[in-house]
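Pasting the structures in now, so scroll down.
Shared between the two complexes below is chain A, which pairs with chain B and chain C, respectively.
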Partner chain A sequence: MKVFSACLKITKRRATSIIIYLVLFLALSVLLTSISYNNETEQFNETNAKISIINRDTDSLLINGLIDYIKDHSEYIALNDNKQVLQDALFYHSVDYILFIPDGFTDSFHNNGDIKLQKTIVPDSAKGYYADNMINQYLSTAKLYYDTSLNMDEQTIIKNINNDLSYETQVTKKIFGDSAPIDQNFLVYYRMMGYILVVLIILGTSTIMLVFNRPDLRMRNICSPMKLRSINFQLSLSTGTLAFIFYLFLVIFGFAFYGSKLAGADIRIILLLMLNMFVYTIVSLSIGFICGIFIKGANTQNAAANFISLFLSFLGGVLVPLEFIGSNVVAAAHFIPTYWYVSALNKIGSLTNFTWQSLSPAFIDMLIQLGFAAAIFSVALVVSRSRRQSNLSFYGNKTEIA
Partner chain B sequence: MFSNIFINRIKSSIRAKDMIFWTWIFPILIATLFSFALGDIDKAEQLDIINVAVVDNNAYRQNEYFNKALDEVSKSGDNQLFSLTYVSSASQADTLLENGDIDGYIIVDKQPELIVKENGLNQTIMKNFLDSYQQTYSSIMNIASNNPQALNHISVNSVNEIESFTEEISLSSNKPSATVTYFYALLAMVCLYGAFQGLSSVLHMQSNLSSVGIRNSLAPINKLRIVLYDLFGGFTVHLACLFIVLGYIIFVLGIDFGNKALFIVLTCIIGSIVGVAMGALITAATKWSEIVKTAIIICISMVFCFMAGLMISGINYIIAQNIPILAWINPAALISDAFYCLYFYDDLNRYFLDIGVLIIMAVVMLLGTAILLRRQKYESI
Partner chain C sequence: MVINVQNLVKRYGDLVALDHFNLQINEGEIFGLLGPNGSGKTTAINCILSLLKYDKGTVEIFNKPMSPDAYDIKRNIGIVLQNIAVFNELTVYENINYFCGLYIPQKTKRQQLVKEAIDFVGLNDYQKFLPKKLSGGLLRRLNIACGIAHKPKLIILDEPTVAVDPQSRNNILEGIQNLNKDGATIIYTTHYMEEAEHICSRIMIMDNGKAVATGTKEQLKSMINTGEKITVELYQLDNKNLYEIKQIKDVTQADFSENRLTVHFIKGRHNLINLLGYLQNKDIPFGRVYSEPPTLNDVFLEITGKQLRD
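Moving on, here comes the complex of A and B:
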């Protein structure tokens, strides 16, 4: 196993750069995971809009009541009344809805004037609609009371409004299947692996193959008494082992980080997720293998790893969920293995029973991934065979065998 | 002298395939990818018609007001909120819910109730609709019980129609967009990749690393002048690459950069100078091999660009809010913020602040490079 141990040595020498990538991407995935999802709970929880209020009117019972009502039913974000601060917050989605209460609104409201509240929202956004509804509901109820209850004092009116608006519809959350739904963060972490596994495996495999494809080393190895088949077998074994180590590490990290949130989740779903990721590891290995044939230097290695992984993950639905991607692009994405990884992941995540009928779509997606891996490996073998026999492998030196 | 170095430098830069790939082809590929993948991301937050089922039982049919209210929001048109499916039993609705055909279903017992499978905005909007209906209904009942004559003032449609008390105003002439920031960060990345030009210019001065360096050290002219001319040549090539990428993003991909064309060009020029200066400084400050220096440049630029929002839109804002100093020392964040100011702000104060800080950075880095290069001597190589 001389070649295998040489591969280990190479990996050890380059461990620093691989570890830097590993840490960087793990941090990235944890960050992405933690900011992207609200967790599912047993009870129904409302998804609140982030609302900011800029009150330019004088305080009044009506306005204070409205502000309190909004604060109770939304995620309230306090912002300064400064145009750029407000612009930034809206642009970067730190708020969904900014409500301006203009000077003189209360008087106008009571006297049927035409001063309206002003709002700034992300155009046509669902959260903007929701927040708008809430504000209109409060004010129309208030209007109803002010118009019809002339003998009632304002404090009682506000109390009545609050009383009426405290009604909440009963919402039942149905859980299909026997187990708790799988934690969303855990699923997002597995989705991120569609990106990270490819980068790491391309970098890992190409680091080893780069050395063995160096023309002088190639020529030296061909001269050696070891059979070419044995060299290739050991090379494959070492890249495969490296890929498996990455896989294991990422799985263990996933449990270490999100394990506490998996209580009550069905173990079969977790095992299926791991299986899907294992299949994807094989696909990544095939991609790493074909890259390794073409890559000639450290720069190309970085470029290829970055570009290929970003390409696969953007189009395959890893970094941007598939539902946000245009339908034409999704149609094209069917030709990318990452799409099938994410597709299988989504199907496994929403499993409620384990009949063959509900499991088979996920298994089919995994089989398609294996098909991709087989296809890429075959292409890689053909390419590597033709390159091995061409001048390219020998510095362009004319030799007897080329 | 100047023209000799300048022209030869441009020739050699154009022939360097690695550099052309990183500063030209790589950004164009990524920009194309962004435009494919992020095309619909702004639509992701839009309100879509929500699929709802209603259990068509006796209680529902008898509740005339609720019937009407639900019909009102399900009418096809611009204001349609729900797409209704009538089912005869709860178990039928359960099947639809389990298969994901509907976001939830409504069943009327004494009051309308909602059944959902998961938390979400659509589910919240459904609940919000039912709450509003019931709240308005109870207000009217409350008023009627206190003051029956008041009912004359209330229109029949009060339960179904809610008056709008708000009007939309815009804070900027351009729409907020999650897509454009990715492209701004990408351009910031290309600017920082000017570092590769800085790297080769200084490499041409380091005798232990390149044969051109040995040749240059022997030349009987001021080293600083050679390096400045060389840097200027590199900067020219890089700026040309940057403009090609910018042109591709604006004219081929159709990304909106606002209408302040001159300032956009100025931002590219300053950004490019900062990139070149950064590369020069990193190269002058270290004596490692070219591969290691390249790796350092790629890593530093990637970290800067990540913090400027290249991978997640809005991360630059989160950083600027929580650790402002990190936003001010990150050239990529400043460059992408400058583009953002041109797109979204009406006045240019913050834009000039960004550009000012970038100029200071460039000057400091160039001075640093000059000082470091002055001290480098090679007694034996």
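Moving on, here comes the complex of A and C:
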């Protein structure tokens, strides 16, 4: 296994640039995971509209009760009753909803009159509907008490209304299954591997292939009694080993960095994430192989590694989530393996049970990735063979006439 | 016979790189392939080693047909390529060990052979050096060590002294002679005629893909009419005397410049006596006298009409 051990030594001696890339990318991935996700999505928060009330009626108990209720259940903004001030507040979104209580509203309310509350809202604001609901709820309850509680004084009515409306719906986030959900930062880390793995494997593979494809060394190896098949096998084995080392390191780093957040997480999800990443390692290796055939120097090596990995990552949803990418681009992304890696990752991350029906979509995505790997390996072989045949020599070395 | 090449033809499109090339090399020889750049030396070597496909002809090494899959034959061949074929990422020791390992799988035996190769080329003090730390001469020695560490029966050296300082060149040539003394048959391609003359037992002169002459250096020189070249240091010589010198028997050319008279003769006897006799008769005082026998360059010049280093 002289070729194999030489490959590993060569990689070790030229590891500096790979280590720099590794450190930079891991730092980048940690940074991205910290900014791309926060735990708020695991909690429930009531939405509060910013409401301003312009009361042009008298200060009746009903109106004061309504105003107090609104203040308790929204973000109350005090504004002067000035047209310009009110318009500016809406334009600059200082308020979502302005409630106008017209003069004589209290009397009209008690006597079933025509004077209605008026409002001005930010167009298409969902919060306007929340405010409408809240006000309607208060007034409906009040109407009910006023119409039916004839012997009750108004202060008691207002107290009862407030008491009735104080009942709130308790929201509990339901988690299916027996385990805690997988940590979102861990998922983002695995998503980032769609970028980092490709860069590292292209760099590692092309480093080895660049050295062994040097015409003089290639010729020298061919002159030896070692079979070409054996040399190629050992080269493939060394690049495969290197890719596996990268994979293992990144998996271990993931556990080391995010391990504390994985307590209680379903081990099956973690194993599936590792399997998906392993499949993508094979895909990256195939990309590394085809790059190794075309890359001719150290400068093109770095450029190719960066260009290809960034292209795949942007289009495949690694660096920009697929939700933010246009439908046409997403349609095109179906033709790159990274898309299927991210797709499988998302499906694994949202798994709540482990029936074949729920697992099969993720497995299909992995199979598609393997299909891509097989196709890329085949293209690499065809290109390699055609390049040999296009040359004049037995082994594809263009030899000068001398 | 170690190598037997018959009617080898290699074409690159319309260009005939090897034109019915024949070569026979016997065991124990240092065989020189001499020719200017582009004469077909490296193409011939590459065809012999099955690195290049050829259009016609046969190649036999150790009396067996040579092919890309002839691993038994390859096991006994050592190659030292014109370009330095070593790994820049491996140390001197690791490089030799790697190339030796392609031939010798047994670790213990290989370690011994690597040590001997390092001793042979004198790289003991540089074993842990990376190639980029070595001078041009040391690199060439490393290149040779990588090619010969497994003790092959046939060693092919393709211009191993290109761009090497004179001291390293002498070391390399001496080493090649020692390899030959140890029993290896050697093919040595070069365009330096002095090297070929110095170490080769037989020489083939190539031009335009053809062998134009083959033999020992004495045999080659005897094939031509060119004789010795005599140079005489003179204080002065007028045109009349120069004209008369040109009329001396067997003189083909005479020039006088920078106080030096250079006279070329065809093969003949008493050329030096005839020339010095003339100078004495004419009372022309002279200083030091040099006589040079014909070189391989003269052989090449007479056969092809070109200089070897054109």
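In this section, the second predicted complex is superposed on the first by the 258 of 402 C-alpha atoms of A that agree within 3 Å, B and C clash if a C-alpha of one lies under 4 Å from a C-alpha of the other, contacts with A are read in each partner's own complex, and residues count from 1 in each chain.
Note that contacts are C-beta pairs under 8 Å (C-beta built on N, C-alpha and C of every residue); 3 or more make two chains touch, one makes a residue touch a chain.
Only a predicted model underlies this, so the values are computations on that prediction, with no experimental measurement involved.
Among chain B and chain C, the chain that touches a larger number of residues in chain A is B.
Of the two partner chains, chain B is the only one touched by A:Phe311; chain C is not.
Of the two partner chains placed by superposition, A:Asp68 touches none, neither chain B nor chain C.
Of the two partner chains, chain C is the only one that A:Asp216 touches; chain B does not reach it.
Looking at the shared chain after the overlay, A:Arg13 reaches chain C, while chain B stays out of its contact range.
Contacts of A:Met134 after superposition: chain B is touched, whereas chain C is not reached. By the touch criterion defined above, A:Gly326 reaches chain B but does not reach chain C. Of the two partner chains placed by superposition, A:Asp103 touches none, neither chain B nor chain C. Contacts of A:Gln170 after superposition on the shared chain: chain B is touched, whereas chain C is not. After overlaying the two complexes on the shared chain, residue contacts for A:Ser224 are found with chain C alone; chain B is out of touch. Listing the residues of chain C that touch chain A in their complex gives 12, 15, 17, 37-43, 46, 49-53, 68-69, 71-72, 74-75, 77, 79, 81-87, 89-90, 94, 98-99, 101-103, 146.
Those residues of chain A lying in contact with chain B across their complex are 17, 20, 24, 28, 31-32, 35, 38, 40-41, 44-48, 83-84, 86-88, 90-94, 98-100, 109, 116-130, 132-137, 139-141, 143-145, 147-149, 151-152, 160-161, 163-165, 167-176, 181, 297-300, 302-303, 306-307, 310-311, 314-315, 319-320, 323-326, 329, 332, 350, 352.
Residues 2, 6, 9-10, 13-14, 211, 214-217, 219-228, 392-395, 397, 399-402 of chain A are the ones that touch chain C when the two sit in their complex. In the complex of the two chains, the chain B residues touching chain A come out as 18, 21-22, 26, 29-30, 33-34, 36-41, 43-48, 94, 97-98, 100, 111-125, 127-132, 134-136, 138-140, 142-143, 146-147, 150, 153-154, 158, 162-172, 175-176, 178, 291, 294-295, 298-299, 303, 306, 311-314, 316-318, 321, 340, 344-345, 350.
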